[in-house]
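This report concerns only the one structure given below.
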Amino acid sequence: MSMVCLSDFEAYAKKYLPKIAWDYFAAGADDCTTRDENILAYKRIRFRPRMLRDVSVMDIRTKILGSEISFPVGIAPTGFHQLAWPDGEKSTARAARAMDTCYIASTYSTCTLEEISAAAPGGLHWFQLYIHRNRAASQQLVQRAEALGFQGLVLTADLPYTGKRRNDVRNGFRLPPHMKVKNLEGAFEVCKMSLLDPSVTWNDIYWLRSLTRLPIIIKGILTREDAELAVKHGVQGIIVSNHGGRQLDEGPATIDALVEVVEAVRGRVEVYVDGGIRKGSDVLKALALGAKCVFIGRPALWGLAYKGEEGLQDVLRILQDEFRLSMALAG
Amino acid sequence: MSMVCLSDFEAYAKKYLPKIAWDYFAAGADDCTTRDENILAYKRIRFRPRMLRDVSVMDIRTKILGSEISFPVGIAPTGFHQLAWPDGEKSTARAARAMDTCYIASTYSTCTLEEISAAAPGGLHWFQLYIHRNRAASQQLVQRAEALGFQGLVLTADLPYTGKRRNDVRNGFRLPPHMKVKNLEGAFEVCKMSLLDPSVTWNDIYWLRSLTRLPIIIKGILTREDAELAVKHGVQGIIVSNHGGRQLDEGPATIDALVEVVEAVRGRVEVYVDGGIRKGSDVLKALALGAKCVFIGRPALWGLAYKGEEGLQDVLRILQDEFRLSMALAG
Amino acid sequence: MSMVCLSDFEAYAKKYLPKIAWDYFAAGADDCTTRDENILAYKRIRFRPRMLRDVSVMDIRTKILGSEISFPVGIAPTGFHQLAWPDGEKSTARAARAMDTCYIASTYSTCTLEEISAAAPGGLHWFQLYIHRNRAASQQLVQRAEALGFQGLVLTADLPYTGKRRNDVRNGFRLPPHMKVKNLEGAFEVCKMSLLDPSVTWNDIYWLRSLTRLPIIIKGILTREDAELAVKHGVQGIIVSNHGGRQLDEGPATIDALVEVVEAVRGRVEVYVDGGIRKGSDVLKALALGAKCVFIGRPALWGLAYKGEEGLQDVLRILQDEFRLSMALAG
Amino acid sequence: MSMVCLSDFEAYAKKYLPKIAWDYFAAGADDCTTRDENILAYKRIRFRPRMLRDVSVMDIRTKILGSEISFPVGIAPTGFHQLAWPDGEKSTARAARAMDTCYIASTYSTCTLEEISAAAPGGLHWFQLYIHRNRAASQQLVQRAEALGFQGLVLTADLPYTGKRRNDVRNGFRLPPHMKVKNLEGAFEVCKMSLLDPSVTWNDIYWLRSLTRLPIIIKGILTREDAELAVKHGVQGIIVSNHGGRQLDEGPATIDALVEVVEAVRGRVEVYVDGGIRKGSDVLKALALGAKCVFIGRPALWGLAYKGEEGLQDVLRILQDEFRLSMALAG
């Protein structure tokens, strides 16, 4: 099987992952309309290619919140990487560092923050956070991440409750007994999302700010109104995201929402986007529409499922090559 | 078979109901364009989800014409429930009461109004009415319903003649001999719709008003012009409906017509909608566009076909859970 | 097999006609885009149904060029009816008379004008004409038709050359030896369309006018510019037509062109339309958009293929019933 | 197998060419969206057919850069014709001359310019050029073409790097050992596109101009901005092209880009288009939108694959007949 584009990795993962794991990673809420729209919306955007420009030298390095990365594609926070590869998030961290890009580790990792950090010392890591009913638990996580050298705090805003993913319900999805959400150290049982606090509001950003000097990036913004609120509450970055279409179905595709958010933000904070990136040209479109960087979720998991950190590096390398080629061909 | 969403009940009913019954319930007029559009139109509507709002407590109770119901989903009038479940409309009435919502009993019930009323005493019941050529028959039905404690009178306006449902013609659809349209007490033979009066006009609302103190709700309105006429003729409520796409094919989807009707009515009477509701998020969309409550037709029949009153309660409970979750995720 | 709607007749004809005949009748030019668009365009038009109007009595009779017909659906000119039924155009004429409507006999009939006329004396017949290189042949046809009591002359304007119908080319389509284009009495060989005159212009309308007192109806108009020219050159009627999508592919659907033609004509002459009529509601749409009457082509042939004149009457009766029902349900 | 339309040749080629050759010719970049859009965009354009115009005599000859051709369809530059037919570009040249039209020979021909020229002396030939890192090589090619009587120089502007054609990567596409890119005389190895110079800019047009008196046509323009630059830099013609969708995916269809380019050019130079031409009516659409002539790529290869020069003549003859018929039917 020759791995030429990201769909090849998807096909591999679908074929070789246990069904319960594949279904969990692939799941979208309800009818999966938004999950699929994330991809379709990219296809509706057309380039206006320009010719006869000198494209012999191209610089695709960029900076996010001051840290340089080799190209504008990072790893979005997704849970349970051991479902895809035995070494789980440790492999993810190693691949991201090897490719010189940013990895956002999820609260719902199957490795601890300490293990992730130790697996790829010197790598650019951000930490993704939910706010729990038990605020002390959240506070402890933030402070652990900061102490370990994580350089950004990503607050997920779109999960007051878990979306309804039909196949997960049908499968009775839960982690196999030998995997654990280790960051939560027994404080929660797996998937007991009900420990998340649905009463969180914008004011809790101030509380979070009081706990840490790390920049705060808010993930899950889809409207200009919320983008304005995010800036007003002092976040450093916004990730336009609909949680891969896993939360509210039939909201906007992220690339469509990006336009509206970028317009509202007017450069005051950095804006990123995730969801639906499948080709290097998608990255170029997102950047052309104002994103500073994109993050990939499912494709990273497919890479892991293929060959662990090596597979994920393959995925990133393909995106990088395609991105560079698209830039050249678009002039 | 695990029942996770309403489509699961549809698949069950399609598999286990006799073909003639399934066809009758599923039927749309002509090419079934409007029947299918009712569903597709919901999919075209997109949410603008808002984040970081306190969604820890949500009140989904509402009132229709002054009566409180547990959530804004009632049971639309459909005929011949014994085709779906032996106890027929008695089961429907019990399920509606158990879920604390409104049930609109059809003239074409296979149980009498008295049986329905006795099956679920204290339940919120409305009665759906056609005007017959024999006005005395209609008058008698209205007065029976009022005497039995029904709390609303729903006049169906879109059936001067029955629409052309091809499969019913092919199947030679008629009730099996052991079922009867009991409300009509032998006054009509089954399906002799020709006893309905096609000369009915708006002035007959005044005649109906003279027979009863019950509120009159008119069902089948699809245009602003008719909405204006309905208000002018003193109805208390409007159900935007195209009879599940079973009458005139290639009219508007009800969710699209709702917008126009709500705008014309400007809050003077309550507006409801039926047709195409398949998920809790559809309910949220209808409410966001101005409906006070929605009614479900075919999904209620699928619930009955699955497990009688228990199955219908399952359907309602799923819609309720999905509706609550959608509200939380949309902020 | 129960014949409930026109598609049932289509399925029957497809199953039982010889492939070469089915292909000939079904053929569209090139990719058949326009043939299929004729139907799809009707589906895009939506009714705004009105309720509670007295629809107990409906008059669906109408007049075309002063002659009363039982409902606004006539038979469009199509060739070679013996391919569908042994009695050919004689059966067509009988069915049209039995249903009290208009039949436009084609030059390319497999019966003579005299046979058609004798088969249904007193029927309302129009004659469809091409202008041949040999003008005397055309003149003789016109005068025969007038003498036989035909009441209208339909000049086809869209066939200077025959469109490219791929399956007919593949099949090497030609009439079987026992059928003849009898009207042309050996003057032409079958399918030698090259005897048609491609140099015909608007001025030839004046020549045609000089030959006959019959009203002239022009068939094949699709633009406002040509509609204006038609009125200016003194025709009595216009049939908006694209020859069933058999001539230039990728022109407009006729129902779309109708709107533009009706607007340009401003009631100065009668406007009719053919192409894509498959349901009674299509007839209602065409009338609502300004057509005085519609004509059916392929459905008439399917009716013939099913049971000759009886089958064609079935087709017309179904359309009539559906048309009446649509009128009632649309209010 | 009867060859009625261009799709028949496509089906033949797909069936009989070696998979690696078919894949190479059929390839589009990435998801092949633009390749397919080239065709779909033609289908979205609708004619407004006019009637009763004298179409008995039609002149379809035209001139491109002063040279008369028998109809406005030429052969676009495509590589490796020996993959389709043993005589390769020699057959192409002979067919083009037989049909009295223009053939643009590709740099990546499997015959030398000298062989092509000798195969069809007196034929109208243009030469397609890339600019190589080794400018002397390019200069030598230009001067050889001029000396051999080629009458135009087509500079391809959209290939600073080769697009990503997934199947070619999977197949490890390369020429079979007995074929060579003879024009480059061992200066390059096959497919080593990296010898092309990605630093080429508009100023290199001046350099090219200094080498030759041949008219320069630039191929690959898709925007008004680049069209303006092309005119400003003194080219004689523009071919609106996206390289058959083989370079940047998800740019515009060429027929859509044509409109914008024609508008910008305002008649100052001739504008041609390639990509997606499959029927004579496509040619008519392109001309109606301002193209002076169209060029066909893949259909020419299918013709070669079918029967060499005879097959290519069949393809051209079909297009010519269809084009003439479309003109007549459109009035």
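By letter and in written order, the chains are A, B, C and D; residue numbering begins at 1 in each of them.
The working rule: a contact is a pair of C-beta atoms (placed from the backbone, for glycine too) under 8 Å apart; a residue touches a chain by one contact, two chains touch by 3 or more.
As the structure is a computational prediction, the values presented were derived from the model and not from experiment.
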By Cα centroid distance, the chain farthest from subunit D is B
Hey, what angle do you get rotating subunit A onto subunit B on C-alpha, to the nearest 5 degrees?
90
Same or different for subunit C and subunit D, where same means more than half of the interface numbers show up on both copies?
different
Could you please state the distance in Å, as a whole number, between where the Cα atoms of subunit C are centred and where those of subunit D are centred?
43
Subunit B and subunit D, separation of their C-alpha mean positions in angstrom:
61
If I apply the definition of touch given earlier, which pairs of chains qualify?
A-B, A-D, B-C, C-D
Once bound in the complex, which stretches of subunit B touch subunit C?
30-31, 33, 157-158, 160-161, 163-164, 166, 169-170, 197-202, 204-205, 218, 220-223, 225-226, 229, 242, 247-252
Residues of subunit C defined as touching subunit B within the complex:
2, 4-5, 43, 45-56, 279, 281, 322, 325-326, 328-330
